[in-house]
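As written, the chains take the letters A, B, C and D, and residue 1 is the first residue of each chain.
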Amino acid sequence: MDKELKVKILDLMIEARCMEERMVKMSKSTDGFFWLGGVGEEAFNVPLGLLAKRGHGLDYDFFHFHYRNGATMIALGMDPADELRQMHNRVTDPFSGGRNFCNHYVRKAWNVVPVTSTIQTQCSVAPGTARAQKRHGGDGITIVTFGDAGTAEGDFHVGLNWSTLPKWELPLLWICTNNAYGISTPYDEVHGQEHIANIVAGYGIPTKVINGNDVEESYNALKEAMDYCRTERKPYYLEAMVSRLHGHSSSSGANRVPDGLEADPLFVWIDRLVAEEVIEKDYFDKKYAAETQRMKDLLAEVRKEPAPTAADVFKHIYAEA
Amino acid sequence: MATMAQAIRMALHYGETHLGVTDVFGEDVGPPLGGVFTASQGLKTAWNSPLDERGIIGTAIGLALAGQRPVAEIQFGDYIFNTIDLLKLAGNTCWASMGQYNLPMVVTTIVGAGIHGSIYHSHSFESMAAHIPGWKIVLPSRPIDAYGLMISAIKDNNPTMYMYPKALIRVKGKDLIPGEPADERELKKMIDAPPGPTLYDIIDVRSRWEPQWPEGLTDYQVPIGKARIHREGADISVITYARHVFLAEKAAEILKEENGIDVEIVDMRTLYPWDRETVFNSIRKTGRCLVLNEDTPVCNFGEHILRTIVDECFYELTAKPRLLAGVDVPGVGLHPAYEEASVPQINDIVRELRGICGEEP
Amino acid sequence: MATMAQAIRMALHYGETHLGVTDVFGEDVGPPLGGVFTASQGLKTAWNSPLDERGIIGTAIGLALAGQRPVAEIQFGDYIFNTIDLLKLAGNTCWASMGQYNLPMVVTTIVGAGIHGSIYHSHSFESMAAHIPGWKIVLPSRPIDAYGLMISAIKDNNPTMYMYPKALIRVKGKDLIPGEPADERELKKMIDAPPGPTLYDIIDVRSRWEPQWPEGLTDYQVPIGKARIHREGADISVITYARHVFLAEKAAEILKEENGIDVEIVDMRTLYPWDRETVFNSIRKTGRCLVLNEDTPVCNFGEHILRTIVDECFYELTAKPRLLAGVDVPGVGLHPAYEEASVPQINDIVRELRGICGEEP
Amino acid sequence: MDKELKVKILDLMIEARCMEERMVKMSKSTDGFFWLGGVGEEAFNVPLGLLAKRGHGLDYDFFHFHYRNGATMIALGMDPADELRQMHNRVTDPFSGGRNFCNHYVRKAWNVVPVTSTIQTQCSVAPGTARAQKRHGGDGITIVTFGDAGTAEGDFHVGLNWSTLPKWELPLLWICTNNAYGISTPYDEVHGQEHIANIVAGYGIPTKVINGNDVEESYNALKEAMDYCRTERKPYYLEAMVSRLHGHSSSSGANRVPDGLEADPLFVWIDRLVAEEVIEKDYFDKKYAAETQRMKDLLAEVRKEPAPTAADVFKHIYAEA
């Protein structure tokens, strides 16, 4: 990983962090009703976005995200203002026109299919895009992300099974960001396997468990996993152990967790880059201040944008003919 | 004339050769069986899925998101109830994404009683289906409508629930489907896969079989949203669909004969969005109506029709409108005594029609 | 006075100590959270299930088959739709086994809009639930009914769907539940688990916490199947439940004030089997009715009520009966402009009531 | 296995076979509408019934059967007339009063919970009875049976997961009778794993794949599996490779499959017992003729029993108060 890439990843992590922190603040004011997002997953989610093949159609990657992929969207090139638009439920929200919760992305131009609130249903849907890609050929793959608790749903089995059918093994990258909780329920209370990967291995899918708080480990594992899916046209499963730094969502306050209880991947990375003398000690403070201000400014602009009206309710129930 | 199974098969063939259908799939939908009701025999895009309804609906959604045009079968409507959340997602995809993604997918499933199917092969699904926004819903009663509605469903860019009645799947039509050979034995020879006494024989004989599709098939469409008058009448309107179109017809004959009452029968064909104009016009003409189906009666689709009729035609009604539906029990029992007492029969229809027509306002 | 969350919690406590409740379970139902809406804090039989609604309903069925008395929670009604097949099985178990097995199980889930819950935390479920035979279905609007119906649901030997409205879960009641301490701050201190800024703090502080249950709790029951007159009136009947009882109340005040119209409000409380007598008596008295709820309008539960009213009271109605329900769109959008245009608001109710009362037959 | 037991198993296999053959005949006449059953699974299903602990309540085994467990019911002691009653949908059918298809057993006195037509839902329900047993203690276990194709349903994962929760590993015996088909779809077309057991092993559940057409192998494996569940109070998975001698059901004719394509476990067992000189060569013919006649006689009696009437429709919607 060269120096430039290292700094690029850092910049994107800071940008994503500042966007999310702005949203957490918004959820505590009149600027937004509800927040949930990916603070603590940036070391993994940024490389995911950087390594993916962004574009429209079967030759590009399809993304079936869950609600903690903001940093991935930033790395894919999303303007954070778009996310603030959704958070502030403006009609200009390009994902849902102010209809959906934050972090519920949809961007057809990038093959980002609708994020749904229903946990794990994406695992039953993802084989569809992957099947189309398998038939099409090329090196586009389908990427699906989810949390640890959600793997209890039957849809997890459904997806794994459909991705390993004879002659139809699918170019499908399964990604579990394991933060060891489902809302308030600890992993150890509801999972009898050391890792979810143990279950997946039974299907004959290659698996890897990594420290998702480590940028380089994440980057390398993702690269290897994607290469496998792209060239072998078969599924691969990656389980990234990550942090959940603002709790589950604003329903439980979205406060920053007590220091030292969960690693902050951003600071792990900064410390590493400082130690490696890739960046100066004050690099982060400056960048962080600038991004914080930028998000504030973006929000000020977004606030001026129009809200939906009653008449908008009936738009797009059906496809335009 | 073609049966409904043959009509659907021909429409799917037309779909995969002319309309971009990429996948016809579901449990036992591919070779050798071509569907437990034979509706997908001989199709080149047909394949067997795992025994997993959630995977079938999920994969159909995914295929549609990727720009394919899938037709996914749930083997029996009775087994679709573990996928309602996914059907809801399919129905809200366009709306929730502000029109970015739409899902050009068709889900087919066979519904209703009438073949001694017992508790789990007799279910209706229209009431729940119609409660899910974002879908179009059709349920033909005749082979020709089955053909034309399938073509329309495939062309539609929205998720379409294509139901068809178990009891009518092998009934021959009275109208020639455009392109269908006039001789039904010829049709059978051309497109029905050869039978065999056991699965092994079937696999064997069908591995050498290829269908010969009629050449003149067209994109004959029955537009989604258009009902049809199955029988004209002046005294009372029966608003119905599927199997009960024909049961109502028999009842109408009895009423004509025995009471001189002239029954009009509306075959809805599309359940959502439904043809308000045809239904209201009929009721405005007759002043009386019976809404008829076989689903259970609480939150029954007919209650929706009835409420809308009350909304729109209340002061034009000369008798109170009624619903005749299945009874409120947890299943259709196997013994015919159960089935006959659970699902509206000709006698029940006759009784209701007489009741309404005899009513003094 | 107790909130609805506290009322449910006390009823569950009474259930586990006096009525044989063996398991109160679901996602985040056990410690430390005691339910995302706090309805199961401090219960000794409460435990956290995997994130898996099918497993929750399936296990509840299994526990009930084994003679236990489970209360299973689906965290949000919005997430129950992947279990409809299992709910149907639960509902047909007694009938299909000719009475051999019955399922003394309660499923609880929170429903409806009103907390800016967006597409997936605003769903109604009553219309689909009522379409499933074999269940009893309740949906209280007041803490005291929430208590009394929970006791009845637990005692009932049939599967009972216990829904409660999101928008009212933290609203305090006006009636003291038998045994509830008169001072609500005292109650809070006794049975509300201590809060904390983060999950870690909560785990910590609650590991040392024990609830102090009020000693005089009783088996006060609200019988399943009994509605109540929430407000007496002479001119028009509003048949409603849950949150819309109180929205109707506000509308009634406006109509009294501005039009001198006297509105009667029936709070159904039980949706199945529902209290036909109370509903019909009210309508026979007023001659007019509005059925009111927030579920989507096609195959809406109110259409069932309306159809039954037409069946039973048609010639006693002096104006056509109407339904006011949610609009026919695939979700309740997040921005208040969406929600207000999707779910009946006070103004909408006022408008409908005026419309019906102004109508000339 | 002593001689007496060997013959007892043989007798039960013949009894079950003759009962099913009678039902196949009934499905081709006016005596019944639809048949499906377990012809070809007797070598496994009879030992299953013999080894189980039959009775009512938590101290006894709970059975969550699918629709091929007729031989198990026979081994548990069912009067075949009861099954003919269901097949002929008499109101005297003690399982469903003429409401349900054949082989849809319910017998509360023996903890036989309702067989449901919905494939694999029993896997989501079985953890409930097993959980009650785990809490209760003793050596009662829960036994659940299903086919190979049905394991594709998410409910399979649900059940496996709920039976391996920390501190709540359940005394639950998972049994897959793998006949290599789901209706017409071959195993190899829709399963990417050599055995379903591969998947199950990922959960940390002990698994065993056996020849279910071999009585002794079945008996011993079942004994071992049940002992494990009874004493360890943990789940175990057994996959028995079996035959499907009359096809899927009467929908596809229910004809006997061509000779030699699938092993007939009954003849395998007879040949063995003759070779071991446990029985005489003509033992089977006599017994088979007698049982065939007995089933005919039973049916003649059953035919005289009353049918349900319209009034019966509304019985038992709710529990008696």
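Heads up, the rule we're going with is that a contact is a pair of C-beta atoms (placed from the backbone, for glycine too) under 8 Å apart; a residue touches a chain by one contact, two chains touch by 3 or more.
Keep in mind the model is a prediction, meaning the values are calculated, not measured.
Path length between chain B and chain D in the chain contact graph, taken as the least number of steps between touching chains: 1. With chains reduced to the mean position of their C-alpha atoms, the one farthest from chain C is D. Note on chain placement: the centre of chain A and the centre of chain B lie 41 Å apart, centres being C-alpha means.
A separation of 36 Å divides the Cα centre of chain A from that of chain C. Chain A and chain D have Cα centroids separated by 46 Å.
With touch defined as above, residues shared between interfaces to two or more other chains in chain D number as follows: 96-97, 99-100, 116, 118, 121, 152-155, 158, 161, 165, 189-191, 317.
Multi-chain contact residues of chain B (touching two or more other chains): 50, 52, 54-55, 79, 82, 85-86, 94-96, 119, 133-134, 328-331.
Chain contacts here are complete: no pair of chains fails to touch. Against chain C, in their complex, chain A makes its touches with residues 33-34, 89, 91, 96-101, 116-121, 149-150, 152-154, 181-185, 189-191, 247-248, 251-253, 255-258, 261, 307-310, 312-314, 317. Contacts from chain B toward chain C in the complex involve residues 54, 79, 81-86, 88, 91-92, 94-96, 119, 127-128, 130-131, 133-134, 272, 296-304, 306-307, 310-311, 314-315, 320-323, 328-331, 361. Residues 152-158, 161, 164-166, 169, 188-193, 198-204 of chain D are the ones touching chain A in the complex. Those residues of chain A whose C-beta lies close enough to touch chain B in the complex are 57-58, 62, 93-97, 99-100, 104, 106-108, 113-114, 116, 118, 121, 123-133, 135, 154-155, 158-159, 161-162, 165, 315-321.
Residues of chain C that touch chain A in their complex: 27-28, 30, 32-33, 36, 48-55, 78-79, 82, 116, 118-121, 197-202, 327-331, 333-335, 337-338, 340-342.
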